[in-house]
Amino acid sequence: MNQDDLLKLLEEVKHGRLETGEAMQILKNFTVKDLGFAKLDTHRELRTGYPEVIFGQGKTTEEVKEIIRFMSTQNNNILATRVTEEMFRAVQDICPEAKFHQRARAITVMKKEMKCPDTYIDIIAAGTSDLPVAEEAAVTAEIFGNKVERIIDVGVAGIHRLYDRIEDITKARVNIVVAGMEGALPSIVGGLVDKPVIAVPTSVGYGANFSGLSALLGMLTSCASGVSVVNIDNGFGAGFLASMINKL
Amino acid sequence: MNQDDLLKLLEEVKHGRLETGEAMQILKNFTVKDLGFAKLDTHRELRTGYPEVIFGQGKTTEEVKEIIRFMSTQNNNILATRVTEEMFRAVQDICPEAKFHQRARAITVMKKEMKCPDTYIDIIAAGTSDLPVAEEAAVTAEIFGNKVERIIDVGVAGIHRLYDRIEDITKARVNIVVAGMEGALPSIVGGLVDKPVIAVPTSVGYGANFSGLSALLGMLTSCASGVSVVNIDNGFGAGFLASMINKL
Amino acid sequence: MNQDDLLKLLEEVKHGRLETGEAMQILKNFTVKDLGFAKLDTHRELRTGYPEVIFGQGKTTEEVKEIIRFMSTQNNNILATRVTEEMFRAVQDICPEAKFHQRARAITVMKKEMKCPDTYIDIIAAGTSDLPVAEEAAVTAEIFGNKVERIIDVGVAGIHRLYDRIEDITKARVNIVVAGMEGALPSIVGGLVDKPVIAVPTSVGYGANFSGLSALLGMLTSCASGVSVVNIDNGFGAGFLASMINKL
Amino acid sequence: MNQDDLLKLLEEVKHGRLETGEAMQILKNFTVKDLGFAKLDTHRELRTGYPEVIFGQGKTTEEVKEIIRFMSTQNNNILATRVTEEMFRAVQDICPEAKFHQRARAITVMKKEMKCPDTYIDIIAAGTSDLPVAEEAAVTAEIFGNKVERIIDVGVAGIHRLYDRIEDITKARVNIVVAGMEGALPSIVGGLVDKPVIAVPTSVGYGANFSGLSALLGMLTSCASGVSVVNIDNGFGAGFLASMINKL
Amino acid sequence: MNQDDLLKLLEEVKHGRLETGEAMQILKNFTVKDLGFAKLDTHRELRTGYPEVIFGQGKTTEEVKEIIRFMSTQNNNILATRVTEEMFRAVQDICPEAKFHQRARAITVMKKEMKCPDTYIDIIAAGTSDLPVAEEAAVTAEIFGNKVERIIDVGVAGIHRLYDRIEDITKARVNIVVAGMEGALPSIVGGLVDKPVIAVPTSVGYGANFSGLSALLGMLTSCASGVSVVNIDNGFGAGFLASMINKL
Amino acid sequence: MNQDDLLKLLEEVKHGRLETGEAMQILKNFTVKDLGFAKLDTHRELRTGYPEVIFGQGKTTEEVKEIIRFMSTQNNNILATRVTEEMFRAVQDICPEAKFHQRARAITVMKKEMKCPDTYIDIIAAGTSDLPVAEEAAVTAEIFGNKVERIIDVGVAGIHRLYDRIEDITKARVNIVVAGMEGALPSIVGGLVDKPVIAVPTSVGYGANFSGLSALLGMLTSCASGVSVVNIDNGFGAGFLASMINKL
Amino acid sequence: MNQDDLLKLLEEVKHGRLETGEAMQILKNFTVKDLGFAKLDTHRELRTGYPEVIFGQGKTTEEVKEIIRFMSTQNNNILATRVTEEMFRAVQDICPEAKFHQRARAITVMKKEMKCPDTYIDIIAAGTSDLPVAEEAAVTAEIFGNKVERIIDVGVAGIHRLYDRIEDITKARVNIVVAGMEGALPSIVGGLVDKPVIAVPTSVGYGANFSGLSALLGMLTSCASGVSVVNIDNGFGAGFLASMINKL
Amino acid sequence: MNQDDLLKLLEEVKHGRLETGEAMQILKNFTVKDLGFAKLDTHRELRTGYPEVIFGQGKTTEEVKEIIRFMSTQNNNILATRVTEEMFRAVQDICPEAKFHQRARAITVMKKEMKCPDTYIDIIAAGTSDLPVAEEAAVTAEIFGNKVERIIDVGVAGIHRLYDRIEDITKARVNIVVAGMEGALPSIVGGLVDKPVIAVPTSVGYGANFSGLSALLGMLTSCASGVSVVNIDNGFGAGFLASMINKL
């Protein structure tokens, strides 16, 4: 109910076409949702053309298959993260155009092309073992309609390799930096660029890494400005946020 | 030395106005910075017109005063964060146009107007005790040349007050959300908007808050997409990053 | 031995029908329990009609089966939590009326009807992966003789769905709110109702969730009044306490 | 604006005594709160007669004084927690009927009598150093209109003293149990009663107490059913929740 | 009431000298304590001649003074731990025989001689900064009636000094070992003796000591058998337990 | 080599029955251990008649078997802790008198009777799931030559059952108290007895138990005096220390 | 491009053989690496003769095999750590001279002899269960061309065995000390030698060991000077650093 | 007593010049120290010419003064760390040649020149607030007789400044790297040099720095080889170890 509706209702009351009791009932039953806050729906339904997203971890193969079966009846792209190869095979039966991204542990189904901005997102990963998280970010950013530049294996202990790619880095509109262990890479990148850096700590490592805690704390206390952090191993979150920024 | 300088130098060499030996000396003394990687300078010197920033905590009043005395000889705006009122009074002696932002615990000196984008940053704070951090973010965003909309005291326990400001929230280009205790507000805001949310945990609280840990973990594990997190109490970092995104 | 029994015993002594030596022996063997502190028995034996409860985790299938075999000789309802499907099948052999609650990972055996209060308990769960804990709470509350209203998948990132159920929520006598990750839901619910909120953090999540720590700290530092917290994943504890309050 | 007010407004419109434009303005300016969702108001304004609450910690003496000055113009009781004696003296100047509860570090102003249920809340404290938190709970419960029974210095290391008060304990409708160090008391009490136990860990102690962590974890993992936990040192929260349950 | 009392009471009933109603009242009013469990009193009242103990931390000078004033009217020795010099001067006014143990931060009042066993307790301290805790243990053990041998400054980094005292160490009946930082000393001592080792971690240190956590964990995971641990800085607890064992 | 042996050797030299070169070789090959520091041997070889101890965890079945094969050639009792049933079966082949303690996960081989003191150790366990640790303590204490009284399933939530066994508890010379979750039981027992209490936290539980941390912190901060703590799940350590104290 | 190249380039410009535009392009494209910082390559490519290193954990058997297949075409020694026996068998097929170090979980391939310094590294391990980490350090140090002295099973609880090897310890040029549980051994060794001690905490243990945290904190807070610490279980890191120091 | 002494003693016995009883007494009284292990003294007394070291923290001004008064009677250099300016003034009275190092919070007294190796130690500090720790390391290394090169304010967020000093860095024999916050600098330096890197985490920072924990974990999990870590803020330890390595 917008202002016009409200005015109309009051006019009805004024002219005796609506009983005050009834009017009161209508007004009283307003839920927040009824107030026309379309934005409330933003997160889930989104605008047409946006992918539907499934978080596969903790779901059975059967559940993932059924959700995708339903989704694929609609004309949206689909992204399923944290899935197994077994889940993919089950999905393939009902949705042959599904594609499996092994490293990213993701399934995508492209139903229609997304319009991409000219600018791109770069995804910088410290070590080869950070690749699954980096790829999850990349696949996410791509299916949400972004160009992605992968810059791999440029850990701080061999920092010159980062400089070899400096042009690709400084030209990106948003930077996703994925790193485990000491999580120092976002600080370095943050010192090189004047664009936002989304830092993704990974649980890669052992010992005092404490399941990603060392990288997480390192990134949060980064000396470089322009750096913010998402949850440990949350490649999807980084890709989603980077897409949001890239499309501003 | 920018590209023009470099070209000019080479022209000097070409026309014999500069000895190759001298030219080599100049080029050899280039530091990495000198090689035209303007981005390398981003963090500290930045582009002309960008504020110079001082982190006051852990510095003496005398030190802060001397740094600002030097900076104010140059034509840049100045921002000093985590300063005391005593520091401000010392600064005022040498720089009468300095302004003190009490809640934000910040000093600003405006030397010239910054060009502002039309879009604005909103800064949402859960409780009145989160205000110092929220104000630090606001003052930072403003001196970096952004319009800021403050949305105060809209904690999750009285969520309807958030809805009263929903239009201001959904129209912002970037959202900074500041909260202590359970740190739930960024999740709520992230579910209402389709723009980036920068979450700032504060150390406000007691008991199981553990100096901001509860808010920090809550924000990192937020169920809403589009949320990223900066260090506990890091209002400056949030303001800086928001400015970066707002100017993309 | 209640007061009547004690009086009777003393009468026996008085009238010489019981030797003082024998009486002393009886009295001396009184355990604290025997002294009429009926409440001492509350937790384990409870009042007639109350279910017997088994915590299945860490027990073998054989052990669970044997305990239920013994219990089912008595006329009480039975609740076994944290059991496997294999345990259920073993129990079924000896107790065909046993029922398995798959999601709740619980077995119930109804021997007689419990009297239910008119008021009900609502159980609000943030995400589908919180359902096992929510269902454990629901099954517990039901077998202890309560009506339960399930309100599912109303996480804070899509808060409007919570408002769609606001009437069911505000009419409940006690609210159980189950959430993982940032654990923000109890704060929201606590701000909407004027009835007790029992918050149950779950270990659902990854990364900075740290096995439920993020949700636990978030709930403990909730800004809303009227919220208290039970152990991570402790659906049974929440259901038991809610039943206790609902029957006050 | 309650339902009567709304009806009256609509009647005014109906009878032409209020323009629809004006009526719309009034309705539009309603916040969500105004729309008759009385529950939305629970936490802050509450029902008439309920105390207004101020959290003094982190506020200046001047701020506390000003808030109470404003509040005392209204006809509600007032409770200020975590205040200093200095704050009290400042408040006394403007509000002579204000009362200081030294141990509880609280100020109360009684404007009118609250109706008390016949049942009472007991507040059990392990050691003398837990008294400030216990008293904060007691003062809160009392000003919210409850009878309170204090049971003091009954720590688990001298458990027989608890038994001396067992009748008072088992007759209470709700139990608040306050303890620091190992936080074992709620487990004991939970095993003795069949009423809800609200456990309050305190930061009292040293060493491996880690600012209340030992008591907090101990209470969360309590073996007794019917126990739930509030934040460390949160006497107010326990008193508020106990009042809520006592008035069900 | 012991068995004899109980028999007598029953005889009274038998012979009609006591009404059954009255007898029931007496029996019913038994508290647990009344049942002859003298041990229930162990902790607080103890046997005659045992010191009364006050924990001074968190108490005001006035409170400590008043408690000691009352205690000194009885014929028991007195021990007050965690007291300040100011407290001592206040106590001296009313109790001139009070003695201050500066390093141990303790006050003792000797009213009568305790009988000492022939065996002794040794107290081994790693560094000079562990002395306050070591002395608290020593003063405690002494006033509880034990001979104490102090073995100071024998940290693991200069292990030969420990060997110089090896005879004193191996002849002790109980060993208290006080250490901060890495807390390794109890492991060494535990490998040298065949008597119980009570390990006391101290909060002495900085950095990764984390307020005694490093020493605490080190002692708990000691490879030597016969080692048990008390709370960080708990010299009193160690002295008390050592006395208990020495007097077995 | 004891003093007698040393004297004998010197006599041999004196009487020319042993060459000085040979004597030097014997003396030189003395390790520190040989120099008469009998205590140095305590931990491993101990005095004749003491059991040899093997920690099975992390060893292969083959390794455990080989160690026991060697040990059983000597005339000592043998204790192996943290072993599997498979290990036991392998051991049985070579050592038929070996006995398996299933709950304690221990193997014992009795080669000769130990002399037991008249006093006994009681072992109190909170819940049935604490039994493996309690039994490890019991089996350890028994093979080291002590009488043991088991007091099982007397958790704090049903404290009256503890009182049923109060005589057995107060008569013990040393008390081992095993508990998981909130770890409150040692505080209760410590308040009832005037003998040492060795507290063993167990990792039994879930959620905020954090692998035994809740019980560990609870026991370390126990309000009762006379309580000390060993490592989480360290039944052997508790049994060993209790034996040491029982034989003083 | 070294100084000669730069001079040559400028000469070309001077003599008109190179256009200033082209020269500028060459200069501008310099990456940091091009500036002749050979040291930038230190970590990965190293000097000829140094082993190539593979971290096997998290890699598949196939991946390890392929990396070694490639590496073995070059004339360098190879070290693969954290590998399984299965990986070794796969490697053996393509590289028969590969050697498996079972305890160290390492594969080495010797292509040519390394020159060893005369001095040696000793590797001291507290318990048999620390051997895998100690062996990883030993194998690493050896393939990097160092003599290694193993000193095994000399834990602090039987400290005399350490003294038996004191000559070997004090003559080493660098000491690696590997220990789990309380991690006290580096402190002891640090007190005996005047050479660097590299401490390696291991995750060996249970309970309050918390996956190596107890040993880690113990070593970091070591009272002995000359001790530094590497990551938990990081035998490779210790061996590499020790080699670096041994060859200074 | 070395082998010759032992042989001589046995000869004495053989030839009847020494009674077996006396010989036994001599042999029996050997302490470990007596066995000629001069290295046992290494840590404390050291070789002549080495500085005496005092840790001032936790000591009174008077104590520091007295220790230095005594030390200065001997012909050794003196180093006192963690001292205040007040302590220095007190020391100056009795030891006019004492020198105060304000930033390092250290006092040194040079009694005689130390011989310096030609190689030097570099000390790299990330930020100005890390200077106190860096200076403590520098002053320590210098008084122990080493040349030191300070490389200041080269944090990872402005990494090009590090490259400006690359020659100084790669020529050092040992590198001390001091950093707070994310602690990334040692990883960068470790990737640039082939010499040992001693990493010193500092407690500089706020929020998720958690008193140095973020830097500590970051350094421990460093991806660069050749890096080891000392305690948080332990500048002395780093300087001491660097000196040890520099003099190998």
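In this document, chain identifiers A, B, C, D, E, F, G and H correspond to the written order of the chains, with residue numbering beginning at 1 in each.
Following the convention adopted for this analysis, a contact is a pair of C-beta atoms (placed from the backbone, for glycine too) under 8 Å apart; a residue touches a chain by one contact, two chains touch by 3 or more.
Note that the structure is predicted; figures quoted are calculated from it, not measured.
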item	value
Steps in the shortest chain-to-chain touch route ending at chain F and beginning at chain A	2
Chains in simultaneous contact with chain F and chain G	E, H
Chains contacting each of chain D and chain H, listed by label	A, B, E, F
Longest centre-to-centre distance from chain B, chain (CA-based)	F
Selected from C-E, A-C or E-F, interface repeating F-G by over half of its contact pairs	A-C
Whole-Å separation of chain centres (CA-atom averages), chain E against chain G	50
Chain centre separation (chain D, chain E; CA means) in Å	39
Rounded Å distance between chain A and chain E, as computed from the means of their C-alpha atoms	59
Overlap residues in chain H, where contacts from two or more other chains coincide	32, 37, 40, 43, 157-159, 163, 190-192, 207-210, 216, 220-222, 224-225, 231-232
Pairs of chains in contact (touch as defined earlier), listed by label	A-B, A-C, A-D, A-G, A-H, B-C, B-D, B-G, B-H, C-D, C-E, C-F, D-E, D-F, E-F, E-G, E-H, F-G, F-H, G-H
Complex contacts: residues of chain A adjacent to chain B	32, 35, 37, 39-40, 42-43, 46, 166, 170, 173, 190-196, 198, 216, 220-222, 224-232, 236-238, 240-241, 244-245, 248
In the complex, chain G residues that touch chain E	126-127, 155-159, 181-184, 187-188, 190-192, 205, 207-210, 213-225
Residue ranges of chain E in contact with chain H within the complex	129, 157-160, 163-164, 166, 204, 206-210
Chain F-facing residues of chain C, complex	31-33, 37, 40, 43-44, 57-58, 201, 203, 211-212, 216, 231-234
Chain A-facing residues of chain D, complex	3, 6-7, 10-11, 13-14, 16, 20-21, 23-24, 27-28, 32, 35-36
